[in-house]
Amino acid sequence: MVELELTVNGKACMLKIEPGERLIDVLRQRLGLTGTKEGCGEGECGACTVIMDGRTINSCVVLAIQAHGRDITTIEGVGNRIRPHPVQRAFVEEGAVQCGYCTPGMVLAAKALLDKNPDPSPQEIGAAMSGNLCRCTGYDKILRAVQRAAREVTGT
Amino acid sequence: MKKRGTGLGCTWYGTGYGNGFPDVSSAFVEIHDDGTAAVLTGAVDVGQGSSTVFAQIAAEELGLRPEDILVCSGDTDVTPDSGTTAATRQTYNTGNAVLKAVRQAKLRLQEFGARKFSCPSPEGIELKDGMIGVRGDPSRSMPLSELAWEARLLHGERFISASSFTAQTTAVNLENGQGAPYWPYAFGCQAAEVEVDTDTGTVRVLKIAAAHDLGRAVNLTQVEGQIAGGVAQGVGYALLEEVELAEGRIKNPAFARYLIPTALDVPEIESMIVEEPEDTGPYGAKGLGEPAMLPTIAAIINAIDAAVGVRITSLPATPEKILAALAEKQRGGSGG
Amino acid sequence: MTSVIGSRVVREDAWGKVFGQAQYPADLNLPGQIYGVVLRSPHSHARILSMDVRKARELPGVAAVLTAADVPRNSHGVLYRDQPVLVAEHIRMVGDPLLAVGAESLELAREAAGLVEIEYEPLPALFDTEEAMRPGASPLHPEVHGLSNVFYHLPVVKGDLNKGWEIADVVVERDYSTQMVDHAFLQPEAVLAHVDARGNLVIQVSTQYPHYDRGEIAHALGIKVSRVQVKTLSIGGSFGGREDISLQLIAAMLAYKTLRPVKMENSREESFYSHCKRHPMSMHYKTGATRQGKLVALEARIVGDAGAYASWSPNILRKAAIHATGPYEIPHLRVDSYAVFTNNPWTGAMRGFGAAQPVLAYESQMDILAQELGLSPLEIRLRNIFRTGSVTATGQLLSGSVGLEECLQKVAPFLRQEEDKE
Amino acid sequence: MEFFQPQNLTEAVERSGLDTCFLAGGTDLVLQLREGKAKPQVLVDLSRVTELKYLTAAGGCLEIGSMLTFAELGGSELARAKANALWLACQSMGSPQIRNQATLGGNLANCSPAADGLPPLLALGALVRLVSRRGEETVPLAELLSRRPLLEVGTLIRGFRIPDQGWKSGFAKLGRRRALAIARLSVALAVEREGNQAKRVRVALGAVGERPFLSEALAEMLQGREMNEAWLEDAAAAAQQVVASALGSRASAPYKRVAVSGVMREAWASLAGGEGTACG
């Protein structure tokens, strides 16, 4: 067992874990943050996307211990019904949500993009969202939602 | 070299279980004391949006906002059986059941309203914008919330209903296939523009224009969502996806090796809606779920032929098959 | 107030989904739950000679090891109950479920499954539909489906085919084939089952049809439908892949047996093996048209690989036959459609349900005919499409709501003419 | 399994041995651990070893630390200017999430046939800086790739050194889809120009055989010639021969030996400074 200290959604967490535990399992099982989804278990679908120190990662191919001392944002830390994040509002209003299983990862990928680049081009949006698979929407409304959120963020 | 071409795909799709199998959906409706309503059906929303469609139907009938409708679905202890979420049948089938059930509850409301407002017939009572009252006479109306409350607490009157709808088809004759196996039928056409790299055989789908006759669009956002999602699956089916088998064992049971389209593989999509109303459908609606992906398959394959003059006859149209066909064509084969 | 029909109402669960609050079965837990796993067959066709589960049962932390002997009524299926909950003897495909283990942890359950000793007798297997169709081919389901692997055949016959060929000026004949594909919904199967305070089985799952699942669970366990509750949670896509019952049946059995809450979750690999696939079809098409571009004759043979179990195959191959003409009027035709058992993974419902595969064939034929006749792809279709009043291959009158011509006209501007070609 | 997080290079090297495994980004290793393909007693996490995270141009070379991620390299203007082929590979490798985590050192250590980082490094003439208890060693990547096993026990990849000779480089990869694609073929090309002459050329191929490799034959055929349409056509045709002989009778050979011509053309078109457009 090793000591793991990390910040999750702004809260300091201390846990004892096995070194081989994946970040996704610690988030879902130990911290109860089930908004992070597992779709493929091999870093190919992006459903388990979380933001670590400002960058998106697939939490299914990262060991929890690799997050030691780092800052993690999961979907639970992004917004709520009273104060939704612009990306979340845009996803709802554009109709970018169908089955919803890819949605948390998509929202985080979009948030990470807009945090760095509030005014992305359509190409930049496509590239930023290309690590997240969706089987329902055909991506069309997801990409539009990111554009809409960008407009809201930049106030244009 | 990169060459472009366009292709057309034109399809039809019989919705529902079909073949005379009793295709039944059921719904329960309850008007709450505050004038909101609950719709209970077994129909599950797998992401396509059936629950939203049912809320819209109830809201339309009761003069409420969709957010005032609680849709409870897919719990066998609570909801009636509404069949499977498949066969492009929920908008049509369960939509019809919801419509019938809501209209029953509505009729009870209208009857109560007719007595309340001394209106000679329930048909004279209108439900609109959260109000119930005599059609054309705003002075004889009240909020539905007050009427529902009053009905229960002062008169013990409830507005609760249950109904079922069964689609009508006949079984085909097993000797010659004759019969009326499906109803209604949905139709669709798509045009694809592709770019084929003649060096690598790679196909890029640049654009899909999709027109679908779905009877009536109940929710435009969801219709566009179904079309775009269908196109993406059609792109995957036509170009990318294949479960590879070796002696019955799946060689690629993983997302690293079973590839579905990413955001960058899906073309620009222009969706167009054709509303040729179906008399038996709720507000004329037929359905769209499955049909959305069908024309994509042919539009892409035909566009490849238009671009480079080779006809791919086995799916998926991989770069390997396209290069082989191009080589065959150069050797003077038919390419087909 | 404007009509809400035709508007852009926001789906009611979208907010819960963007906040990560929507619950899929893997997100649920109950105190005291155990974890279930299924051991699946590595063989495509085999007989189980012996199965020794003692070591697995004795492993500390194992709550139950279930085999076919523990299933009161060991069958399920959407049309025919030809699929075992757990195989007793006859394995028909790789991935057939052989036994289920419930244990205190997932790792322990996997370890226990690994301790089961099974002796197999491999049997000759059929992977090719043409081979499986041959007279004398060993039948895969003699008990339920008789002595042929061809367990469904529908001919659709209309008009006089000989006359059709006589009046055809151009005849085009090709073979087409489509591949096996997976639904690839993003959410792998998962379930939480428990026996509640009423003594009823409660199954929380993502399914396309909870009432069907309830019936299958009650049937397999030999209990009344009113003692089973199937509750649908959020569903991470389905596309037909959640029609045949899957993990929920096994989780229900484990919960019923152990009286512990049982959680089961598929990995992506397990998911590939635990739901059906889209039918690969081979299609032979011969289509005739007049010089004026009118379709006059069609002869088609469609063979669908059903894999090891029937699932929806008869309905799917029926749908393929009925839709084989495409949305076109053809006066003289014969279509033969067959569903055939093989030892491949079983195939069933997937978006399009048998009407997807023939699209490749009938729409390719249209373009080839157009080329032969010197017509544009648009023109040949306009000369043949269904309109109100058309009669289909099965003799059905399309009495209304046929919006195909308008669809064609809407996409026509997006088609490039020959001369714009690069 | 134990976990050890060295704070510096010395600690990392001291702790390494038969039963240890270095953890870089982990995007491949975590899967191998789960599948039981890697079973180390000790996992040595390199993420705190700051000596492995650098990107500088010094002494006529571009120096790249092994723990630099693909995203960091792909976001670097310095890398773009000095090692365009590598920079391009960093744009298309895996997905954004993988690029944020996966490192160039890990890409070499894992050494998949389709490793996106290796053909560009080969074409750019990269040297690999290795470190072990015995000290440091600097080896040309091409030579390292001929070693079996690639790395001796206890050897750590410290970084990469790319001589800044003013060569122009490009990279193209062929995947089955436009993102999240494993390379089915990749070509990296580096050219030292003199006027319109290709004075010296290096061509590396990926996903053709067990490990990426430099093709001497292609280089010899292409250098000392004017870079024109014929030159490119010869390059494409010769690449086909190289692939054909490298793949022999493998199932993928009939396709790849033809398709490589297109990848070669794209690699040329991607050459920094717009050379590619001159005749591409």
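Should a chain be cited, it is by its letter among A, B, C and D, assigned in written order, with residues numbered from 1 in that chain.
Following the convention adopted for this analysis, contacts are C-beta pairs under 8 Å (C-beta built on N, C-alpha and C of every residue); 3 or more make two chains touch, one makes a residue touch a chain.
Since the structure is predicted, the reported quantities are computational estimates derived from the model, not experimental observations.
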If you average the Cα atoms of each chain, whose average lands nearest the overall Cα average? C
Contact-richer chain pair [B-C vs A-D]: B-C
Using each chain's Cα centroid, which is most distant from the centroid of chain B? D
Separation of chain B from chain C, taking each centre as the mean of its C-alpha atoms, in whole Å: 19
Using CA atom averages as chain centres, what separation in Å is found between chain A and chain B? 29
When centres are defined as mean Cα positions, the distance from chain A to chain C in whole Å is 32
Within chain B, the set of residues that touch 2 or more other chains is 46-47, 49, 221-222, 230, 233, 254-256, 260, 262-264
Identify all positions of chain C at which a residue touches two or more other chains, and write them in rising order. 8, 10-11, 13, 184, 235-239, 268
Where chain D touches two or more other chains, by residue: 178-180
Mind listing each pair of touching chains for me? A-B, A-C, A-D, B-C, B-D
Touching chain B in the complex: which residues of chain C? 1, 3-13, 42, 44-45, 93-95, 125, 127, 154-158, 174-182, 184, 207-212, 214, 228-232, 235-240, 242-243, 268-269, 271-273, 277, 315, 318-319, 321-323, 326-327, 335, 342-345, 349, 351-353, 355-356, 359-360, 363-364, 366-368, 377-378, 381, 385-386, 393-398, 400-404, 406-408, 410-416, 421-422
Considering the complex alone, what residue numbers of chain D touch chain B? 174, 176-182, 236, 254-255, 258-259, 261-263, 265
Chain B to chain C touching residues, read off their complex: 3-14, 17-19, 42, 44-47, 49, 51-52, 55-57, 59-60, 63, 65-67, 71, 73-77, 81-87, 128-129, 172, 174-182, 184-185, 187-191, 193, 207, 209-213, 215-222, 230, 233, 236-237, 241-243, 245, 247-250, 253-255, 258, 260, 270, 272, 274-279, 281, 283-284, 286, 289-290, 293-295, 297-298, 301-302, 305-306, 311, 313-316, 336
The answer for chain A against chain C in the complex is residues 28, 33-42, 45, 47, 74-76, 78-81, 84, 87-88, 91-93, 95, 97-104, 107, 133-136
Show which residues of chain B lie in contact with chain A when the two form their complex. 46-49, 221-222, 224-225, 227-233, 254-256, 260, 262-264, 266, 269
